[in-house]
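What follows is a set of structures for review.
Across the two complexes that follow, subunit A remains constant while its partner is subunit B and subsequently subunit C.
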Partner chain A sequence: MKTWMRNSIMALMMLMGAVGQSFGQTPPAGMALIPDGVYRPLFRGESDPKEVIVKSFYLDILPVTNGGFLEFVRAIPRWRRSQVKRIFADESYLKSWAGDLDPGTNAPANVPVTEISWFAAKAYAQWKGERLPSVAEWEYAAAASPTRADGKDDTNFTRQVLAWYSTPAPAQLPAAGLGQANFWGVRDLHGLVWEWVADFNTALVTGDAGSDNGLDRRLFCGTGSQGATDVQNYPAFMRYGFRSSLKANYSVHNLGFRCAKDL
Partner chain B sequence: MIIRSIPVLTALALLASGNPSSVYAQNEIAAPTNLANLIDPGVSGVETAILAQAPNVPPPLKRKFATKVIVNLEVKEVTKRLADGVDYVFWTFGGDVPGSFIRIREGDQVEFHLNNHQNNKMPHSIDLHAVSGPGGGAASSFTAPGHSSQFSFKALHSGLFVYHCATAPVGMHIGSGMYGLILVEPKEGLPPVDREYYVMQGEFYTTGQFGEEGLQGFDMNKAVDEKPPYVVFNGAVDSLVGDRSMTANVGQNVRIFFGNGGPNLTSSFHIIGGQFDTLYQDGTMTNILHNVQTASVPPGSAVVVDFKANAPGTYVLVDHAIFRAFNKGALGMLKVDGPSDLLVYSGKEVDATYIGKAADAGSETEKKVAALKAEVAREITSNPKIADLNKQIQIQKGKTVYMQTCFVCHQPTGQGIPEQIPPLALSDFLASKDKENIIRGVLMGRTGKITVNGKTYSGTMIPLNYLTDEQVANVLTYVRNTWGNSGDAVTVPEVAKIRKESGPPPANPYE
Partner chain C sequence: MKPTPKAIFLSLAILALAGCAAESSSRAAKPSCCVKAEAPAAFTDKSIYQTESTWMTDQRTQIKLGALAGRPQVVAMFFAHCQFACPIIVNDMKRIEAALPADVSGRIGFTLVSFDAKRDTPPALAEYRKTRDLPAKSWNLMCGRPDDVLELSALLGLSFKENADGQFAHSNVITILNAQGEIVHQQVGLNQDIHETVRLLQQLARN
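== the complex of A and B ==
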């Protein structure tokens, strides 16, 4: 084939591919499309909007696994356990792994990676050309039950979500992907691990529920739930509470993450 | 001059060296590990607190000075027995419900470490009611799993204080078992006793009913409605029963540190068969009551009770809101061994049969008996001989009344006083008037002129309404049948009727 014909055919294909991707018709492998929506924050300051518009985005169907994270630390040595700086990850970073490049028997490849700090999760997402989801994006996606975009009235779903908080943490975390997909096709937002989000440290509760009714506009509402928009949604309370207890370099044994991507 | 200033310079050099251990080495106090650990000059020495699991407590403190106390308290989420066949995921301080008992002294400086086990799911914090500061420590102890928080406080007040988790939603954390007691002994300590025990009441809001088997979850709706299926001592049904009972001997003084974690219900703490010889009301060491039967312990409060075991047997501790004790688990036992003193308590002395007097009112039997009695009464009144005998009785009784009251005016033989008091003997006036008139005259008095046996009298007879119906009936029957008079008996109902119809007599009959 003539060079000019080959080049122009390739250019045309690339153009079509680019056009196709910019319309977001096919999500990237392993991700699902979460379309435009509205999220009502559980906690908000008086001057903050009651509703947040969530623009459509892609979200990982599964949390990032040990296998996925292994590829990352192979490629980027400064995020290996023996090399990471303490300011970016505390002493529990990848504690269950057998070695820098060996997850070992306690961290099977298909199990969500945990004991990673927010800095590490963010670095992984950047390495993949993606990012961490925001609280609004995560909570909006997580509101969906298997059959509805907003699972609030789905009592079966609510009960299953609550049951996770009553069950003890298992000695060995199960593999990712075993749970039922929600309305958007995303799995394991509930029932597996807590997950990092990009802005985990907005809307904080302090340790003392009594002072959470105070005048500080950033700190709203404790157990009295006087500032909360939905007092029945106590799993959301607990997620907010859990996020508030974290610092960016913390590693927690049942805290993992997944990535998001703009269209 | 330089030689004299050498000690000053040395001291300054030591202080300036910034090495705290060199300055304090002679007092053998551990060097503070960071600048936040200030040294209080009123406090000497360091020790690590001995913690104990219910129903035991750490031993009484012997030291007579304030010290620095290091407390290490671990939060652990554990699945264990709530009742036979029933499991629950408890969130605990120290691995058990209630949490570990902490024992310190007024004035101590406490360095508190809250450690959240890495296998836990939830973040936790602690609010100790002994702490004077924001959140009781909760603001400074909010801890993610796999992490530890440290804060320090001074025990400014003596007392028996509750501690609990304060992480949102607080009711769920407390309702899952996160409460315990910290005792701040007064400077002079507590009076010694023979046995000390630790009991703490709490509710559990399970998704299933009481006794429903399997692993139970937390039911927020029941918690908000304050309707717990379980109200228990020390975190489980039967935790202080049978082999796990508390024990003592006759004559021993027993002390119980009793707290209430709630989260919702006030306990009416009572020991069946005993009294609290001494009650430290609301956990204060200064408001002491004696000889109390039942102590009110709100959620978030505690009491100390001392009592002497005077008689052997099993003493049952209860929440006297009694359905909680017998249907929800708020029950524990103290077994007292030893010789009995029959004067203090004899046990059962007599067991005999007993037959009550009357049938129940309103029963068929009672109605039949009433009807038969009415027939008997009719038979009697219609029998003339009996009627006559009754009249004779009235006459006798009436004579007594006459001799107490009427004879003063009408004279003992009823002859009256000429021109002043009319006679009653052979009185045509009495014979001519009907009974109602006669009765009314006695009750209301008489004024104006009357003519008796041809003579006129215009005096005043005062009202005798202070006599009872029976007295009036009897005295009139007597008068109408004595001194030549004859007439039938006057009855009580007749008098009562006239009294009711007439109303009260005039206030001043002499007007």
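== the complex of A and C ==
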């Protein structure tokens, strides 16, 4: 598709999104409306489309915080640190918290909750009547810079994102919401914590290059070789690699989540 | 508004189109393989039977994974339209079954769970059972909602991805669960040496 065509389609979709919003589709509190759009997968099979249509959805403006997660474990005892089953969360689950119902000084209420497994994130979302975003939804929302729906050509934005990915996570994470809002009004998709997505385990590296590091190729059914579409997008490669290294019960220091919701 | 017969028919038709997800049954029973197995009220910390997800068998029985408890299980995820890896996985499982000594073979379950919630409906799985000749007394075939398929694959540590052509790229792993549903062994890859798996199953069954 020609760039001008794509841009005009995007503009039209955004306009439709904005119109939809004005017709009573007010996002729930704390969420932003992400209008219809497209996600271009980084890796795809020969028969896969270049672009995946992402239907409009709501996305949390901020990652879920320790304060928010405390409400959840208060309500649902089986997700408290002392009660969680190992199959659903490893030994690091909420390990910085002072106690079952006390995040303590190491996990301030306004800081993103981390050290939570995919199962815990999913259970939180269900408890809220929400769900985790898909890879496509997350990447599409995160492609927006502060001023553009597609921040790929916004050099200031790409530089900032890259800078964060090359900086180790600080021992004490900053509060959520300090980052600049992106084009959709969503904050901290980059620059604060990595985030779980619903289909984190759909990343299969089956290309025939030597990039199958650490992945046993006997593991995978080869239904078509995969090729990378945008080799410039280094942070997307990092996220792709990071996701494919995760197991669903991992509870990691710099890995949090946010929720999504259908319209 | 009172639903008209037409509206009811339409909604049923829509349900029928939705694949495994919409297959519902009020009969919550154990699969024929597991009638004798009494599921314990609580599972261990590391048991995948902790999950709340529900599944449909090829015999249109709705079950929870915990219904598989009580004897060791040889578990793989697959899809019936798979042309390449899945027939080999199923064949590997049949090799394992054939290699079990007589006193053990009746005490091990074999479970296939589909990735393909759209096409692998109970009738499609029943057909698969027939063509692959999978005996009802030891083999379970089941399908579930996409969300539950995703969760089970996460519990088993498998990756999969649906391609645009409806094929699934997926991990090729056969998992051995003990009677409590804990993962005790994973055989990775196709056409592997089954010796270790068979030895382990004997040990689990005789304990």
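FYI, the second predicted complex is superposed on the first by the 218 of 263 C-alpha atoms of A that agree within 3 Å, B and C clash if a C-alpha of one lies under 4 Å from a C-alpha of the other, contacts with A are read in each partner's own complex, and residues count from 1 in each chain.
We take it that a residue touches a chain if its C-beta (ideal position, glycine included) is under 8 Å from a C-beta of that chain, and two chains touch if they have at least 3 such contacts.
Here the structure is a predicted model, which is why all the values come from computation and not from measurement.
When the two complexes are overlaid on their common chain A, residue A:105 makes contact with neither subunit B nor subunit C. With both structures placed on the common chain, the touch criterion links A:86 to subunit C but leaves subunit B unconnected.
Of the two partner chains, both subunit B and subunit C are touched by A:244. Subunit A residues in contact with subunit B (one complex) as well as with subunit C (other complex) are 206, 222-223, 244.
On subunit A, the positions that touch subunit C within their shared complex are 45, 47-49, 85-88, 118-119, 122, 198-199, 201-204, 206, 216, 218-224, 244, 247-248.
If you check the complex, the residues on subunit C that touch subunit A are 45-48, 50, 82, 84-86, 150-151, 153-155, 157-165, 167-173, 188-190. On subunit A, the positions that touch subunit B within their shared complex are 92, 162-163, 165-169, 171, 205-212, 222-223, 225, 232, 234, 237-238, 240-242, 244-246, 250-254. Considering their complex, residues 77-79, 89, 118-123, 125, 127, 134-136, 138-147, 166-172, 215-218, 220 of subunit B touch subunit A.
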